[in-house]
Amino acid sequence: MKHPTKLSETLLPAILLIVAGLVFISVWRLPVTATADLVGPKVYPGALAVLLAVFSGLLLIGAAPSHGEDADIRLPGMVRRFLPLVLFSAAYVIALPFVGFLIATTALLMACFFLLGERRLWLNFLVAAGCTLATYLLFATLLGIQLTAFPG
Amino acid sequence: METLPLLMNGFSQALTMPNLLSALIGCFLGTVVGVLPGIGPSTTVALMIPISFAMNPATALIMMMGVYCGAMYGGAITSILVNVPGEASSVLTAVDGYPLAKQGRGGVAMVLCQVGSFIGGTLSIVGLMIVAMPLAMFALQFGPAENFSVMFFALILAATLISESMLRGMTALVVGLILASIGTDLQTGIGRLTMGVPELLDGIDNVVVIIGVFGVGEVLWYVVSAYGKTASAFERIGAGRWIPNPKEWRYSWAPMFRGSLTGFLTGLLAAGSVLGSFLAYSFEKRLSKHPEQFGKGALEGMTACESANNASTGGALIPLLTLGIPHSGTTAVLLTVLTMYGLKPGPQMMIDQAPLMWTVIASLYIANVILIIMNLPAVGIFIKILDIPLKFLMPIILVFASVGAYSINTSLTDVIMVLLFGILGFFMRWSGFTPVAMVLGMVLGERLEQSMRQALMISSNGMLIFLTKPISLFFLLLTLAVVAVDIVTRKKGRVADDSEG
Amino acid sequence: MLRKTFHAALIALSVVVLVLVSEQGRAQEAYPTKPVQLIPAGSPGGGLDIHARAIEQALTMEKMLDKPFTVLHKGGGGGNILTSYLVNQKGNGYVIGINSNRVLLNELMGTIEYGFRDLTPIARLTTEFNCWAVRADSKYKTAADVFEDLKKDPTSVAFGVGTVPSNDQFNILLPSKQKGVDYTKVKIVAFDAGGDAMAKLLGAHVPVLSTGFSEAVNQAEAGKVRILSVSAPSKIDRVPNVPCWKDLGIDVAIYHWRGIYGPPDMPKEAYDYWNKKFAAMVKTKTWKTSLDKFELFDAFLTGDEFRKELAKDIETYRELLGTMGMLKKGKK
């Protein structure tokens, strides 16, 4: 058993360990009801939280063999690609109610295309606007999903 | 039983011009909602209710059946092309289909899935016609104890889906089970783990998790892993050929039939299409001579899974048509439609409304034929998606995933959750966790817990209820057998692994 | 040429302005001047959606609709999403929602901080009734047989219901309470939805089901189940031989009603308009036909009556949920 040193092998188990704790506390504080349900709403999620804590603990001390799929993920890629993409998406969700679907989506697509290396802005705009319009027509017109096209 | 004349009469009704046209429209619409992530057949059928006020019952029902079948066909397409399964039952199609697309065999995968869908869909209607009544009676035997044992069996079988590390797979499974327990507890009405978000009282929609972990997760993964690589990484996957070669056919036909049977039988139970596709996939992996290929582009699991989820439509209609009891989302909406037309859905429906019911059954055959004719050439069009440069395709997938999530409840909360689950999916992959295990836990979790508690409440002698009910006992023994076989073969496998390195 | 075009444009513009002004003028005369949002607190295909469609259909067919509805679904959160939405639309006369008694239950269970007093109850429209059903071959011939067993041992009979808390559940608790059964001990097992629960009854996994009348009546007419009692205040026409609780000497009637709510501080003209509109609608033939199809019963109450009824209902629920330990802590 080798102690894991790579971040990819410790980060998620560590987070899950914390989550397990939070789940357990949250479940513990549920009210008790006087129904005939003997097991109650607490036991099952509580047991799962304990299981999760045990499993993630085992992973933290290196009980599982390391795996090989993390080689492609490096810090520069995370900073220059992952973070911007997540920020764009967050901005998109925040902006949607204010600027409407058509503008927000076109902007998101253009930003992503640019990020991924397509620097011809006119092409970006054409593709983004085209895709946005197509999506809008597909969902809003054909399926009647109410996408707010414009602000208001 | 004068089944044949009734069926022939049904065909003559279903083949009239307006009915055929409505079947066509239904199939097309169904394929569209199947292809699009998020909105599923049940919502689509429900949205058609106001329109159907204006139609006669047969025409409206035929269109709805087209939607129901079409959605199952369409689900395979986005799973394979862009790794976005539209619903839980096509998750495993993505697991092998997407790698196939990356190998330039996306077209082949789609063609085989369409054929598998056709076989599954058609066989299940044959089954529906011949053995509906006895099967409906059999399905009634499944009470809480039986359901629990089946779910438990499925969960243990799913352990085979975990390829690399058992411990990580189990962790992912538990995360899924915890996700499933979010929301209002059925037995007490208490909101659990909702963190004060009112939308979470209804729990997290499986589809949101799936679109996030698979679709958005893949986008994030691609974007980061391609960073700093040569420009070619941003080019395109490439369509490749789409006619399967004889060897690929040989691999696929048996799984199609096995998958159809599994799907048809599990379709009788609640959550049937998901259960069926997972079970069919696990069976294939166990039967296979090269299980290590599963998850990397094996045809058997994928085609079995597609046949199974299509075959489940026939199974799921059985309780509705014979007893007037709906199971899945779509059949529940169909019940409303039948009521709306004043048909009094119940055990008498097949007798009182025989001509109409047989028209509907005939229309299921027709829908399947329309779909295979319509979709096979469509593969040639869909495959072109793989020719889109990835720098354009990936952001478009992101938008599709978001809009798809929004379309489920027209709620921005779902869009936020899709993005969060995308991030989780990315980190899971980075840390070597299997998202499939999490999804399975998520999908089966609620029923697992609730059926256990229902059984214990009903039981007069506690846990013994799981052993005294024959069907429940059977599945528990089966589980035990699977575990025993696994331990033996895993030991062998480990020896082989050691010798390799 | 240019001058001509300019003139033409000027005339066109003034016509548009005139039309707009006269529209405005009329707007001050009569509500409504634009489409009204009609929001069922459930997803398409569900019971509340059916109500929205039936309302739309009845008003359209009877040519009583002054402005079209836009039907918007706010399912989710056990109906709480609609309540929050309405609270946020304070003072808006162009939004009305459809919800059931979940508004009261959610307030009591503490899943939301708003209650019916934070909304404007406009009208109670329909009700369903609940019933007890057993398999056709059951040993229970009447509800009295069930109570006999319950009195000996409250845990001896397991009831199937759709969800908890619900009228399905109250339809067990209230009669049991009157019969002197220790109702906190009665086994009430929730199944996913009405359909699932019926399957469990037919498969003999639970001996008695407390469910919606509409779910059981078709099964009863097919001879699969026997309905022991209905929760209506008097017998139901379709099953004249089935007693209601009063016939059995139990003073209980349970309404699974659906009603219309508006946002808080709804303008008086809008409130009055809808009160009158719905009062007229429930008398139409189209509406009555829809009710018959779905085994719904007319339970019309005007806004003021509805509000009083709600205040009464919430006390009944509070007591029941209180003894079951299901009230939110601190809410007494």
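Should a chain be cited, it is by its letter among A, B and C, assigned in written order, with residues numbered from 1 in that chain.
FYI, contacts are C-beta pairs under 8 Å (C-beta built on N, C-alpha and C of every residue); 3 or more make two chains touch, one makes a residue touch a chain.
Remember, it's a predicted structure, so these values are computed and weren't measured experimentally.
Distances from each chain's CA mean to the overall CA mean are smallest for chain B. The interface carrying the most C-beta pairs in contact is the one between chains A-B.
For this pair, subunit A with subunit B, the centres built from the Cα atoms lie 22 Å apart. As a whole-number value, the distance joining the C-alpha centres of subunit B and subunit C reads 33 Å.
With centres defined as mean CA coordinates, subunit C is found 37 Å away from subunit A. Residue positions of subunit B with contacts to 2 or more other chains are 47, 187-188, 190, 410, 457.
Annotation for subunit C: residues 72, 164, 187, 326 touch two or more other chains.
For subunit A, the set of residues that touch two or more other chains comprises 31, 33, 35-36, 146.
Touching subunit A in their complex are the following residues of subunit B: 29, 32-33, 36, 39, 44, 47, 164-168, 170-171, 174-175, 177-178, 181, 185, 187-188, 190, 192-193, 219-220, 223-225, 227-228, 231, 234, 390-392, 394-396, 398-400, 402-403, 406-407, 410, 412, 415-416, 419, 423, 426-433, 449, 452-453, 456-457. For subunit A in complex with subunit B, the touching residues are 8-9, 11-13, 16, 23, 26-27, 30-31, 33, 35-41, 44-45, 48-49, 51-52, 55-56, 58-59, 63-67, 69-70, 72-74, 76-78, 80-82, 85-86, 89-90, 92-93, 96-97, 105, 108-109, 112-113, 115-118, 127, 131-132, 135, 138-139, 142-147.
Residue ranges of subunit B in contact with subunit C, taken from their complex: 42-43, 45-47, 49-50, 53, 139-144, 184, 186-191, 198-202, 270, 319, 323-327, 332-333, 335-336, 339-340, 342, 344-348, 409-411, 450, 454, 457-458.
Chain contact summary for the complex, subunit C toward subunit B: residues 43-46, 49-50, 53, 56-57, 72-73, 75-78, 80-81, 84, 105, 109, 111-112, 158, 163-165, 187, 189-193, 195-196, 198-200, 202-203, 205-206, 214, 218-219, 221-224, 293-294, 326.
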